[in-house]
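Each chain gets a letter, A, B, C and D, in the order it is written, and its residues are counted from 1.
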Amino acid sequence: MTKTFKQAAAAATLACLALPALAADHTIGALFPLSGPNAVYGDVFMAGSDLAVEHINADGMLSGPMSIAYEDSQGLPQPAVVGMTKLVNVTGVPYTLSAFTGVSKAISTLGQRNQVVAVNGGGVGPDLAALGEYFWNVIPLVNLEVRAVVPYLTEEMGLQKMVLVYIDDPFGQAIEGELEAAFEGTEGELVGKFSVPVTAQQFSGVAAQVRSAQPDVVYIASYGAQQIQIVKQLRDNGVDAQIVSYSGYITPDALALPETEGMILTGQAVDYESDDPVTSRFVTDFKAKYDRDPTAYNVNYYNATLLYGLLAAALEAEGKEVTGENLLAKRLEMKTFDLVGGTVSFQDNGTLLSPIEVKQAKGGATETLTTVNVGE
Amino acid sequence: MSRTDPAQGEPLMRIRNLDKSFGGVKAVDDVTMDLRAGIVTTLVGPNGAGKTTFFNLITGNLARDGGEVTWLGRDIAGVKPHRIARAGVMRTYQDLRLFDGMTVWENVLNATEYGALPIPEGRAARLRKRERIERVLERTGLADKRDTRALDLAYAERKFLSLARIMATEARLWLLDEPASGLDPNSYERFLTILREDVAQGVTVCIIEHNLDIVIGISDRIAFLDRGRLLADGDPQSVLNDPELAKIYFGDRA
Amino acid sequence: MLAIQLAITGLQTGALYALTAVGFSLIFGSTRIFHFAHGATFVIAAYFFYAAFGAGWGLIPGILASALGAVAFGLVLDRLVYVPIQRHEGSFFTVFVASFGVGIAVQNVIGMIFGRGFVTVNTSLSRSVELVPGVYVSPLAWIAIACAAVFLAALQFFMRRTHTGMALRALSDNPELVRTFGLNPRRIQAAAFAIGSVIVVPAAIITSATTGLNPAIGHHVMLISLAATIVGGIGSISGTMLAGVLLGLAESLALLVVDSQWTEAVTFGILFAFIIIRPSGLLGRAAAH
Amino acid sequence: MEAYIFNLVNLIAIYSILAVTLNFIMGYAGIYSLAHAVFFGLGAYSSAWVAQHVSPSIFVSYPAAMVAAGAVSLLLALPALRVRGEYFVAASLGLQVLSVTIFSEWKSFTGGIGGVLAIPPVDILGLEVFRPAQFAVLSVIVLVVVLLVINALVHSSFGRNLRAIRDSESAAASFGKNVPMIKTISVVISAALAAVAGALYASYLSFINVESFTLDTSVLVMAMVIIGGTGTVAGPIVGAALLLLLPSVISYFDFLPRTEIGSLQQIIYGLGMTLLMIFRPGGIVGRRSGT
């Protein structure tokens, strides 16, 4: 290697490494699944957060332009920790958006240790409420969904015997625990529980087991591509019981599946008809930008991003530095926020409460059957 | 070096009724013979006579079907090859099996290293070993090639390296599988010299060889194998002059 | 009833495993090339069918596209990767690493083109019908089992009754012998790749309609093929078939005892045990050393 | 910025230890293992468990990790003694897949896919090391120690015995070498030192889960060894640095869509492996093939 080449190479390396320093004035991080079997969620989440950034910048809410540094978590803890390390150490963000239960749990230690706020708008595992003061949730956790749907199934629909098919990860395990608890003291019972590994895609054997348990209703707790395969293969292999799932099932891919027809689903209730300015602006602009109706995930990540805008603007107004520590202090001080869906307040554990809708899939969309207030 | 007992001519290794078949074909069939101290025994016989199998059996590389082999009075049935080697029986291979990725020096040095884990040895012991290897390399004409990888040696050099490895050890019985095949006249003169010197030092040799000059030049005793059976075992003249054996041996050439 | 259902499910899975594994077994047994990219062949065959069928070409053109893709990939790999490596060095590990590299590249290229998620070919054939009360079998299961039987019988016939087949069997033992028959070993090797690649097509297509595809599926396919080849005995085509079916059955029937996350462990536990206890496999002739 | 470089230094040091220890059995003993991530994982889980339940001291948790991995490595030694070549690769694959299942299911020890959270930082005589810069000093020192150990072994009679076995097992036995014993010891040493990498990894990231210890990791480490150069001293480190720098370099090409970076990196390293095997099977550092 010649000397010039070495120098050139060194210079090039330095130039590469120096790039992050040129980032925009207000950069927050995001750990979304951008590739892998859960990539479809990444698109949904980004639709919400990108729109919020557009609005914040258009309004000149902050002293400088805002942007989001996206890292690909693949929806898995390990790549997420690597991405979080980069966001914390290199990009130097004070605030990150997180998604998925396993991801959120994995990065929470780093967030807490480095005083970086992590906000979840997608993962619904109940233990997300207990990840420390730097971990916030702008989504009602799945315990609310389970508590809303079980009485509806047993009482309104008369479906007593349930079988659970769940992914073998923190989220799936959490659902298992919640269902066990929800059935206690009711007429219904959980007659079978079958866990499936994260990477599985072959469910004919599980379907046979489900069938032989003769359930009235089957609860599917998984994500992305896998849950679609489970539903399809259950139906393919002769399971004709009612199928139920949670908010994570409500994605365009899953709703497009013919086998989804008639499924019972739950999710947070968002009043899109509300005439408060934040909600109506969001709904109008979202439809204009993406040419479809927003979903709860779009709302949550819009809200999570907007929350940063509100907090940072308030800090700048006081001349304070925008750090994770100050953002946390400000949130505790402000308490209520005008977000999409109305004025909301955080519980002490950093989690939002919201009413839950029980819906049914019909013709590629969902129809609300009832709305339940599960609040404490 | 004590290579005194047993005395010259006493059996070091006794082989009794040794048997081995491969899928019904008898490769070694009821062979009984002794390998006697200080004596060069040559195994001759046509290809496929079972000579190499015989070596594999007495070094523990193959399990025998029947018979008995004792080394220094001890039965070596089921003893692992490396144990038999450490007890003083070492061999070369017809296809050499050098440690190709290692240098000449490392090949020879490593032949003397038995222990699994490195044992620290004293400076004096190290020096003695070094001298010993130097001497072996000089005698085999490999001194200039000490840092050459075995893979990069010429054919004759590879054959001598195979021999050098065994020379550096303190083995009492050398089993040499066609050590001189393909050597030019100069080389096998060198080979014969080495062998004579070491035999004079008390080494016992059993050798598989086709080259009659070498067989005559060095053997104290000749064992004739054919289709696994030991047809003759005696002094070179009587075996070589037996017309029946000559017919078997040279049959294909006649 | 559950056991019967699981056995039938296992049979279907096993038939697909056998079809996939036999291609690898044929290539490895005859050429001794550790063709780890066999999984990539499967992925290519499956996605070619998915793309062609999805574009409305219909079933037969879809199958042809799939077969063409698989064979072309096998031949190109043989010509551009394996032959050059064999020319300077034959170490199995060099070949294995090269092949592995190709597998990784193919997986990601397919992912960039078709996306990394699951895709499924929709057909009513995957919908099960109740055979006897409590036992459901989908038409595709019958198709899978029939395909396996027909293809494997045809392969056996080919290996035993045709010149090329016999040459393939001879190739692993003695390439010189093949030459003395007046055949070109390189040609025979190419034939092995063509046949070994095309035989994954039925399994790839059926999989695309049952469990669905993703670009990473090749990995699993390859591991199963390797397991079936070794459990069956390297060099034995019928051993591989048998092992493929048995592994499918074992995986499925294991659900009677353990949760589904242990099924993969069952397969590889069997593989591990075979290597330790009986490396020559069920019907293998060659010893491992 | 500095933190970023230190972060890379840490990752390179940790993966270098893995590559160097794999090279020890691959390059010198001819044991082509695709189960190296198992020992990486065992080291990580054991040290994490010890750090959480016994003591986070480096003098307690790291040796514990080494002992655990060394003991389990006997499972890998078993096929290594019985079979060679393709069979051994298949056996190690089997072990790798089995281990991943166990890592996923033995939740009380590994936390399953959810992993082990909040692993305390490593403690060296009362000093808690977790900031990237401090940790870089530790990880580089550990790497150097591992290198010295391996280097001393390779140049001792043990190393020659390993190479002798690689070149001809039967000839090695004919010269008195206890082949099974030597192979077993080499596997145990390799696994125990790989466990040190696992222990570093666990205390550095403070989070571990099964995804870090899958077949993909084993393949990545193997690729590092091969691309760098099997059987060379510098090769594995060069390979580790190269493969870890690759994603960071690619991620600075802004014109590439974010979602394709991972794929592109994989394609580059996949094709890199293939091309290297065709044109330079000895690796970047290795010498050209002898024949």
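Methods note: a contact is a pair of C-beta atoms (placed from the backbone, for glycine too) under 8 Å apart; a residue touches a chain by one contact, two chains touch by 3 or more.
Note that the structure is predicted; figures quoted are calculated from it, not measured.
Q: Taking every chain's C-alpha mean, which one sits closest to the mean of all protein C-alpha atoms?
A: Here the chain at the core of the arrangement is D.
Q: Taking each chain's centre as the mean of its Cα atoms, which chain lies farthest from subunit C?
A: Ranked by distance of C-alpha centres from subunit C, the top chain is B.
Q: Which interface, named by its two chains, has the most contact pairs?
A: Contact tally peaks for the chain pair C-D.
Q: Roughly how many whole angstrom separate the Cα centroids of subunit B and subunit C?
A: The answer is 49 Å.
Q: So, what's the distance in Å between the C-alpha centres of subunit D and subunit C?
A: The separation of the two C-alpha centroids amounts to 31 Å.
Q: How many angstrom lie between the CA centroids of subunit A and subunit B, rounded to a whole number?
A: Computed from C-alpha means, the inter-chain centre distance equals 75 Å.
Q: Roughly how far is subunit B from subunit D, centre to centre by C-alpha average, rounded to an integer in Å?
A: Centre-to-centre distance between subunit B and subunit D: 43 Å.
Q: Hey, what residues on subunit D touch two or more of the other chains?
A: 104-105, 263, 291
Q: At which residue positions does subunit B touch at least two other chains?
A: Correct list: empty.
Q: Considering subunit A alone, which of its residues make contact with at least two other chains?
A: Counting only residues that touch two or more other chains, subunit A contributes 35, 39, 168, 197.
Q: Which pairs of chains touch each other?
A: A-C, A-D, B-D, C-D
Q: Using the touch definition up top, name the residues of subunit C that touch subunit D in the complex.
A: Going through subunit C, the ones touching subunit D are 28, 34, 81, 84-85, 88-89, 91-109, 111-112, 116, 219, 223, 226-227, 230, 234, 261-262, 264-265, 267-269, 271-272, 275-276, 279, 288-289.
Q: Which residues of subunit A touch subunit C in the complex?
A: Touch list, subunit A to subunit C: 35-37, 39-40, 168, 194-197, 200-206, 208-209, 211-212, 224-226, 228-229, 232-233, 235-238, 253, 258.
Q: Across the complex, what residues on subunit D touch subunit C?
A: Against subunit C, the touching part of subunit D is residues 32, 78-79, 82-91, 93-95, 97-98, 101-102, 104-105, 215, 219, 222-223, 226, 260, 263-264, 266-267, 269-275, 277-278, 281, 289, 291.
Q: Touching residues of subunit C toward subunit A in the complex: what are they?
A: Per the stated touch rule, the residues are 1-2, 5-6, 9-10, 12-13, 111, 115-118, 120, 122, 126-128, 130, 134, 136, 138, 210-212, 214, 217, 251-252, 255, 259-261, 263-264.
Q: Taking the touch rule as given, give the residues of subunit D at its contact with subunit B in the complex, in rising order.
A: Residues 153, 156-158, 160-161, 163-164, 166-168, 170-179, 181-182, 185, 231, 290-291 of subunit D touch subunit B in their complex.
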